[in-house]
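Right after this note come the structures.
Shared between the two complexes below is chain A, which pairs with chain B and chain C, respectively.
Showing the complex of A and B:
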């Protein structure tokens, strides 16, 4: 197991990077604790796979150092770093049995056969692969194959960390639930350092204790799923986390009230006070789940137009227009959906303020 | 007007890809084909398109038998999972290519390309090459090229699966509007229940090459006709509990007992399977009718706005979906609450016999 330290990392794929925009990773300086379950979340092109490859040793960063338990491994290749990797597509030998697939990494290192057998059987047990040990990998379903890839990583007892690069992308939704559960159980049992790269917020949020959100080559927030949902530090995090993302409306402040054209939205006093001191363009942000709708006119309600209602089974997404701006609300099954006209209530405890894209706090 | 598949079978080697498909889709409708990987979704699209000739059966488009007609002689547009664009042509030329092949005038082509590009928000990219664009933008080009043709049949095979989650969310919303405006038969395949619900329209649930159920998407979601449909059309996975109905009481195992909901009153005594979706299982009591189910926590997943508690209950594995953040220690004993009026009831053959939105289902309507 390892504590991984990234020290002033920057990376460019160009030979002579000049400007900031030449860098895929601009500046990353942080520590990944031993035994932590981390997700690295961001849109494609944000640099998350680049960062993972720097951690694994597939890439040497343009600048900065990578430390495992305090030892500088920046120049070491992946095979010298004792890490296991699981990729989007299963990596295994189709013609070998499941047992031989699991045993391969150990036999390859000349480990005695009785030890090989013991470890392979242990890992098969953890991953529910025991019934398939004598079958060839070729005939197995996608999720079983992905478990074998994972098992080939876990089988080595000296693994420092396991790195996952979008491992569930090719897996059907119902099997994802099963595999995610397995990953969590392994983390509970073995307390390995896990780093999981994905663009899928659901995978990231359910897998990780800490989610690292990346955007344009930088980390914009590290937090628990709840932090990211309730207090996104950047409008990008508000947009990217949550489905649909957070609603944002440009505003001005008038005492404790945010003014959006003619509409007035009361804020809590602390937020308003901080907002008055903040510089830059102000925006109000609220999650679709927190926006309250009423079909009757209510005091302090903001009148809006109902544009569309989508039935998502367990909830409905209501698209509203407020002048030329679009807002989304998420209503759970059984709640009344206003027709045509609705009055919006922004509960102050859930209404956030952003200045130049940064959370006012 | 529309497409009819009449007893279509497709066999390759010894394997059955499509098994007696009978389907009728009308012009102006959006149809989602939902099924697991390898269920036959792509085979179904390829047969409709004329890319594969069925082993037996007929395909009729707008009243004309087109079973043996080549794909290029038919009015079809198809979008694949992995986007395909001409790498050496600009975005403009990529979108224009199907129209140029048809010998349309320059002015007409220009008008159509710009209109379609605007619809997909790629009007600023027309002079670029595909390699300069992101995956999401490239798939938009492929979709634009399929839309510009105004084909009678627009087939999309898991078109968003390789895109980022957030892009997918945005395109799902946009595509809904685009599909509504078209005078075409739109067929869209997916493995994801949430995507099917988002697109709405009609649904065709398939498994192992067979059609299991068709109907309006929300209607099928609320009345999954078989255990398999309920499984394929639930994310998180649906929970199944075995039970018996006897003398007006529903029993599960030794200890769980509850009164029958109104819609179950006509069911005869016997063994049934009770299906309930995760969002209808709760960690606290909501009403006095709620039944209590003792269970052991296997895992808690917290997304920040929702919590998924995985529990073991006898031999079954259940998932509880709660709004909000709730932590529960692994291994702890908890009680789960369920309103008996939320159950889908399946008979021993796995056929839906009663559901909350439909009082007991008349025998002749059962499949």
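Showing the complex of A and C:
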């Protein structure tokens, strides 16, 4: 186990990167604490896998250094870094039995055979692979194959960290849930450092203590699932986390009030003060769950039109238009849904202000 | 349900039946007909039953040619398959080198087979051939594939390896390129050595294409005719007389149609038997992958 430090990392797949857009990883500078369960969340193509490969050593970054417990390992290949990585699609040595597959990473490191056997059997037990140990790996179903890949990641007890690159993509939903719980259990038992790449927010929020959100080659926020929901530091986090995503409206500031065309939205004093100092394009953001609706005209309410109501069972999603802008509100069961015209209330404690995509602070 | 409702479909199959009949079935039946007769001339023949088969099967010349053929095909597989894999492993994976090496490798495959024999006759000449001259200068030995059986075999083997290893290399290269990058990455993470990576990833993943390569090279080398015919004509003595060369000698040079027919059928059965064995092996390999 180790504390992994990324020091001013940037990476480009081009030989002579010129502009910022040539970089898959623009600038990443952060620390992954020993024993943490991290989820690396972001849309496809944001550089998640690139970052993972830099941590594991499959890629050498164009700039910056990677440190394990303070030791520079930037130039070391993966086999010298003592790290485990599990890939999106199952990778098997199909001529070997399941047992030999699990034992392979240990045998390559010259670990005594009785220790190899002990570890392989332990891991097989955790992953319910014991009945298949003597079968050839090639003949198994996709989920069993992926469990073997996971097993090869877990089998070494002394690894600095285990990196998972969307490992449950090929697994069907029920088993996915089961395996994710297994991983969580393993983490609680062994206190390993785990980094789990995914583009599925549910997966990230249920698996991790801390979620690292990546967007266009940068880390935009690191936080607990609750942090990401309540205090998104970037419009992307607001939009990506939560379903439906956060509402954003371009605005200008007028004292303690955000003006959206004709509408006036009161902000809390601190936010407004920070907003006056910020530069760039201003937007107000509010989660659909925090937006309050009223069918009667109220003071400080903003008039809007109800376009559609989707009943999702325990809650309803109301789509509204404010001039030409679209807003969504999430109303829980029992709350009255206004028809046609509605007055929106933006509670100041949940109304955030963003400048050029970033939270003002 | 009327099974015979669409008999017109048979008209679509008819051309194939006619072509196959003319190209395969009728000639084969003619050969069967020859093989049981002694033919003296047009219209003059005598039914001899299995005489020819007995004679051919008992002939030490056929035995010699058959063992020679197996030795040749065996050597071909032993040299060309590993060499082809080595070449494929050494080939560049990206950049201009890929097309350069692919084209270079494909060149021997594009040369007509008769020309290949001629190329090697000149190449091994001790006076003007690059190979023959070099051997002569370095060792003082006059390399002569027309006089010494060993020299003839060396030349035939070199020619065969030069001509057909590229096919194996191209197939192996295609197999290697089809292995997803993640396998190599996983091998690195698992700390596998280059040898383990080859043995546990590359070789098993190439199994399909290599089986095809073995099949093709066995068949082709078992039926080889044009190149050794041009190069050595089966000599010196009978040292490079392979089955096909021997067959042509009997059937066309001695015009021994009955004996030639019997020989053809035996040759055909051997090829059929080995094709069947290889086909079964191929099928099993395919199943092993899925099951």
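Quick note on the criterion: the second predicted complex is superposed on the first by the 325 of 361 C-alpha atoms of A that agree within 3 Å, B and C clash if a C-alpha of one lies under 4 Å from a C-alpha of the other, contacts with A are read in each partner's own complex, and residues count from 1 in each chain.
The criterion applied here is as follows: a residue touches a chain if its C-beta (ideal position, glycine included) is under 8 Å from a C-beta of that chain, and two chains touch if they have at least 3 such contacts.
Remember, predicted model here, so these are calculated numbers, not experimental data.
Peer 1: With the two complexes superposed on chain A, say which partner A:93 touches: chain B (first), chain C (second), both, or neither.
Peer 2: The second partner, chain C, only.
Peer 1: Under the stated touch criterion, which partner chain does A:84 make contact with: chain B (first), chain C (second), both, or neither?
Peer 2: So A:84 only meets chain C here.
Peer 1: Please work out whether A:44 is in contact with chain B alone, chain C alone, both, or neither, and reply first, second, both or neither.
Peer 2: In the superposition, A:44 contacts chain B only.
Peer 1: One more residue to check, A:104. First (chain B), second (chain C), both or neither?
Peer 2: Touch status of A:104: second partner only.
Peer 1: Of the partners chain B and chain C, which touch A:242 in the superposed model: first, second, both, neither?
Peer 2: first
Peer 1: Could you say whether A:151 touches chain B, chain C, both of them, or neither, answering first, second, both or neither?
Peer 2: Neither partner.
Peer 1: In the superposed model, which partner reaches more residues of chain A, chain B or chain C?
Peer 2: Tallying touched residues of chain A, the top partner is B.
Peer 1: State which residues of chain A lie in both footprints, the one left by chain B and the one left by chain C.
Peer 2: Touching chain B in the first complex and chain C in the second, no residue of chain A appears in both lists.
Peer 1: For chain B, which residues count as touching chain A in their complex?
Peer 2: For this pair, the touching residues of chain B are 36-37, 134-136, 164-167, 169, 191-194, 197-198, 200, 218, 221, 231-232, 234-237, 277, 279, 298-299, 301-305, 308, 310, 319, 321, 323, 325, 330.
Peer 1: Please name which positions on chain C make contact with chain A in the complex.
Peer 2: Chain C residues touching chain A: 180, 182-183, 185-186, 188-193, 196, 200-201, 204, 288-289, 291.
Peer 1: Hey, which residues of chain A end up touching chain C in the complex?
Peer 2: For this pair, the touching residues of chain A are 53, 56-58, 77-79, 83-85, 87-89, 91, 93-96, 104-105, 108-109, 138-139, 149, 152.
Peer 1: Mind pulling up the chain A residues that touch chain B in the complex?
Peer 2: 43-45, 142, 172-174, 177, 180-181, 184-185, 188, 199-202, 205-206, 224-230, 239-245, 287, 289, 310-314, 332-333
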